[in-house]
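In the two assemblies presented below, chain A is common to both, partnered first by chain B and then by chain C.
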Partner chain A sequence: MRKFEPEHDGKWAKLHPVWDGFYTFLFTPGETTQKGAHIRDGIDLKRTMFMVVLALVPCLLFGIYNTGHWHYVAETGNYNLPFMDMFGDKLIYGLWQVIPIVIVSYLVGLGVEFAFCIKNGHAIQEGFLVSGMLIPLIVPADVPLWMVAVATVFAVVIGKEVFGGTGMNIVNVALTARAFLFFGYPTMMSGDKVWMSGSGDMTLADGFSGATPLGELASFTGPKADWAIQGGLEAFSAKWSLMDSFYGLVPGSIGETSVIAILLGAALLLYTGIASWKIMVSFILGGLGMAFLFNAFPANLYMELDAFHQIFLGGFMFGAVFMATDPVTAAQTSTGKYIYGLLGGAFAILVRVVNPAYPEGVMMAILFMNVMAPMIDHYVIQSNIKRRLKRLKTA
Partner chain B sequence: MSENQEKAPREPLFSKKNKRLMTDPIDNDNPVTLQVLGICSALAITVSIEQALVMTGSVFFVLGMGNIIISMLRNLIPSRIRIIVQLVVVAALVIIVNEVLKAYMPDIAEKLSVFVGLIITNCIIMGRFEAFAMGNKPWPSFLDAVGNTLGYGIVLVLVSLMREVFGAGKLFGFELFGDRIAKTGLYKYGYMDNNLIILAPFALFAVALIIWAQRARNKALIEDE
Partner chain C sequence: MSKTIKLRKGLDIALKGEADKVKSNVDAPASFAIKPPDFHGLTPKMVVKVGDKVKAGSVIFYNKYKEEIQFRSPVSGEVSEIVRGAKRRILEVRITPDSENQFEDLGAVKADSMSSDEVKAYLLKNGLWPFLKMRPIDVIANPEDKPKAIFISAFDTAPLAPDYDFVLHGENEAFQAGIDALTKLTEGKVHLTTRGGVSADSCFTGAKGVQQNTVFGKHPAGNVGTQIHHIDPINKGEIVWTINAQDVAIIGRVMTSGQFDLSKVVAVTGSEVKNPKYVKTIVGSSISNIMENNVEGDNVRYISGNVLTGDKIPADGYLGYYSSQITVIPEGNEPKFMVTKGWMGPGAGKFSINRSYFSWLAPNKKRSLDTNLNGEVRAFVVTGEMEKVFPFDILPMQLVKSVMYNDLDLMENLGIYEVAPEDFALCEFVCTSKIEIQDIIRNGLDEVHRECM
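Up next is the complex of A and B:
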């Protein structure tokens, strides 16, 4: 591959970043830093990013299966369709729906990234390797491909490149894409028509609804006649049990449903030390705390939902493990990470429960905390300085 | 005194200096994208081009007349109460505009609602009164108003163009991409209007994009860190 390297002053010099990007992606470069206080290690951004993508694979695989599963559930009208029934059909349908989204997300995102790197003469940084995988996992399987493309362009340009590219972004790129879709095309991103793939065009069986568990829960804040599930929380828990959420057999965005797949990814991220356990743990604690608070002072049925069930639903765990821990947009200081996580988790549940118009509060909560992270860091550092100054004076 | 004045050569109406008063605010000294004034109205009324144009017209009337009036009064206004005097002038002019709009364009007046009244608080107007009309003769002040209104209007029209075409799928109220309910034209192939673009925050993105394009073209506009 060396022989394809463009000369630095040659005709193809502009394309050098592209060559460099592919070269270092495929091979570990032989050169190491010669001077200065640098860690001389083979691991670089690409390996780090690749590890995260690897951690996302269980979610992706389960998401593919789950997409097919709910397609056939909607078709047969049988909520309790056994796991193994029509396994092959489900898998093929899921692949057919999900893989194009992944391809579009990567092609468009890397295209934009490469274009900016070539124009600015920067080395290509594979920050998008992760975002490109996250975007498909946080959208419903029915999302039209052109919307994915538009959202990806928006997220990479407005969310990242204008701030200076990889490592400089203020908000999480994948969540920017999702927020763009959520506000731009609400009919494709919420409601009860999009979560079971293909159900928008079907005539559904009587009494069958394509809503997600969270969508059905949101009706518990209104008058009793409007409840999607009559019989209250017991009936809800019978339909969508805690274990369903744990295994992931609930409708939702492609990769967010299975807690077990997410935990597998989390284990890898924590083992390799890529994601911060402080953020993960405090995010979950924050969510649990808020849920317990609602449990203690319930104003409606939604607030009485068991706290553990609450955090297993929707994208909460996915957000906690893969989104909130984004090292660029999260808080950097150690204390800051706890504050960031606790508030993020608490806001996620708060938005979800208190505002039924946003059944999924995790996206809002994390984006909000992304924006707040620099301020948290600032105050953590300032208070540290103050504390040490005081110690200096008394000594 | 009078002899001296007669001797001084009369400045032509469109001297180089005067022309710059008109052209500078359109690009290199744009009130919206460089001075970042008048952003509030750029967010509020840029959903359709029609509204943007009417708004620009209203601002032109208020700023043009106001600049002339303030410029004529500039030596009479005690500097301690100048802001109050300026406010009275703007308020009077805005009320005139509001009444005219209500009488002759009730539909648009209803859509613009409070934002016509809020021209009073449009920072561009008070800014020009303070920065220019208080220290210059009526004619240059008028040209300054023309230039600033054009700069303001261009940004408004660009933003509303983006928002009307991609947000509502219309241009001057004409359906560009077919009927979205009957699913004709582009809508047949799954195209959907972007709801985010209708929401006010998108105008911020739009203004930011214009600022980006402008500074990429003219590097001199980039501020030092």
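Up next is the complex of A and C:
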């Protein structure tokens, strides 16, 4: 490996960051401490990122199978198609749909990252290892690959590199990609044609809708008379029960549906101490609080939906565990993290329920809180300063 | 009125190679050195030349900008070499000792019967002043200041740190004499802080004229900075002096005997030391006679001090002026393959405050950690990790960042006056992005020293 190292002043000097990226991927370099503490914690950014990717694996695996499942549901027109039937077919279909998205996301994202590192002569940082896995998990399985590529380029360049690269970005990179798709290609990111893979090209059975549970709920905000026709919340719960969302047996973006898979990932992140439990817990509490508030003062049927059911739907849990906790874009002070999480969770439900044009309120809420996080931190820092000044006066 | 502080935050790093509780004598060192870089910010003005004969207590150099602060030879002999570095900066003044150690006669005194000014003059005149350091800035105390208090920590919680209860056992008289001198230097209190939960040696518990405090908790509970913050925090414009417990005894001994006798007990520790123990030596002594035949392998790092804050020295280097410890750990200059020992591996041999390596199964197991950075330098990404090991009401990451972008107002407001680089040693240890935090804090302190004081 050393043999291929480009000379710093040689012909290939520009490619040194790339070589360095690969070398440090394979070996932790024998670099020793020169100043300050002589021993260092075993953790580095690669390990941190690796743990997050590992935590995403249950979501990815479930997402692959779930993609296959809903494809065959749409094909047969049978909502009650047993989950484990046609196991092999579903798996192969899911792999066929999902793996290319993962590959495109990584290739394009890392390509952009490498290009910027070569241009700036920086070492390659590991931030995209996680972003590259998150992007596939928050898009519908039917999204065209070129869109994934364009969105990834946009997210990495505009979301991250213009600010200076890993650690410097204001908003979450993966959510930037999704927001780009959502606003740039709304027909591919919402409606009732995209959530069951392949359903756009099929003639669906009469009365069969490819909408996600959230999409259906959005229609519950209409005039009261419409509710009765649709059978109200009882009919909704019969079709998409709380436990369905918990297991993940609903259509949706690839990785966001299964609360169990997300909780597995969350358990790993919390146990290893990689992600902030403060953000996760307060985000969920914020969402629950908002949902309870709606329950208490319902203006329409959507607001009456059970609070737990509410937060298990859509990308809420995925956002709480994997998106809101991104340490770069979240609030950085301990107190700030609670505020950030509570507001983020509350806004997610607020956007979703009050503005049904955006069924995915979580994305909007987290992006909004990403922008607000520095302000939250600012006030936390100011309160620390004030407290410390007060000490002077009392003393 | 004594205070008891309980700290929840902090981290004890269990390392192999704790010193056995024996004080052994070693052969007299063949060489000594006083190293001006030990005294941060000092510009030395030499008094002696190579070849000059000196006695123990003769002036070697003084502070060019504060001439009353003098640095004296710990032994008698001949100045053998003045080692200079870049820009002719003086790095070491080496002294070859002669066979009989001749002392300058300083005259025995009793601090009890002296005035504040007399004590100050005595310490300055006789080269004992450099033992006193000041907070903020963490440099040698300025004799013109009036400190609001003097803090002494009677224990050290750093990895493998010497146990002062053992080191100073039986030194009651000298320690008390030192305390008597210190009480004259401040109108405020002299704080002596012992470790909670263990019974301290009688030289601490029996010390008179001090406020006795106890601190419970993990490292950095023994850092004097932590203790000041929780007992009597420093606000802008206030000055506190600090001194190492062993140096208090040295001051006391010199004053009672009238001889410039800087002998001290040093803990020889670390996983690569064959026979870790305490040795009796003298400030500035060469370590080669101490380490002879006592080290495993040769790919090792010698540290004067502990693994978190000490200075890297060569195998034939010299003990730092303030060090009470020598640590020898393996160098980690071998690349580690990712799956076996690198970032993807199980990591049973690594130590981390996170649980991402399997080593969390045995958090108290004594390990042999090497000097590998365990990663590459990155931008700040992970937040919240410094707060776990930083028991101050200060926002560590924000303070570090304010230093990095040189915002003096924010540094002041966030508490730069209360911290020293050593207080950030654990933050540096845990930093995922491998940022040199102690160095950053040092720069910040220098900056406020220049601009605001």
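Everything that follows uses one rule, which is that the second predicted complex is superposed on the first by the 384 of 395 C-alpha atoms of A that agree within 3 Å, B and C clash if a C-alpha of one lies under 4 Å from a C-alpha of the other, contacts with A are read in each partner's own complex, and residues count from 1 in each chain.
Here is the rule we use: a contact is a pair of C-beta atoms (placed from the backbone, for glycine too) under 8 Å apart; a residue touches a chain by one contact, two chains touch by 3 or more.
Please read all numbers here as calculations on a predicted model, not as lab measurements.
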{"item": "Larger contact residue set on chain A - chain B or chain C", "value": "C"}
{"item": "Which superposed partner A:F368 touches (first chain B, second chain C, both, neither)", "value": "neither"}
{"item": "Chain B versus chain C as contact partner of A:Y79, first or second or both or neither", "value": "neither"}
{"item": "Partner chain in contact with A:G165 - chain B first, chain C second, else both or neither", "value": "second"}
{"item": "Touched partner set for A:G273, first chain B, second chain C, both or neither", "value": "second"}
{"item": "Touching partner for A:I381 - first (chain B), second (chain C), both, neither", "value": "second"}
{"item": "Touched partner set for A:A123, first chain B, second chain C, both or neither", "value": "second"}
{"item": "Residues of chain A contacting chain B in one complex and chain C in the other", "value": "none"}
{"item": "Chain A residues touching chain B - in the complex, by the definition given at the top", "value": "144, 146-147, 150, 158, 162, 180, 183-188"}
{"item": "Parts of chain B lying in touch with chain A, wherever the complex brings them together", "value": "190-192, 194-197, 199, 205, 208, 212"}
{"item": "Of all residues in chain C, those that touch chain A in their complex", "value": "13, 15, 159, 233, 235-236, 301, 303, 307-310, 312, 327, 329, 331-338, 341-344, 347, 350-357, 359, 369-384, 387, 393-395, 397-398, 413-415, 421, 425, 428-434, 436-439"}
{"item": "Residues of chain A that touch chain C when the two form their complex", "value": "24-48, 50-51, 123, 125-127, 164-168, 271-274, 276, 278, 327-328, 330, 332-334, 337, 377, 380-381, 384-385, 387-389, 391-392, 395"}
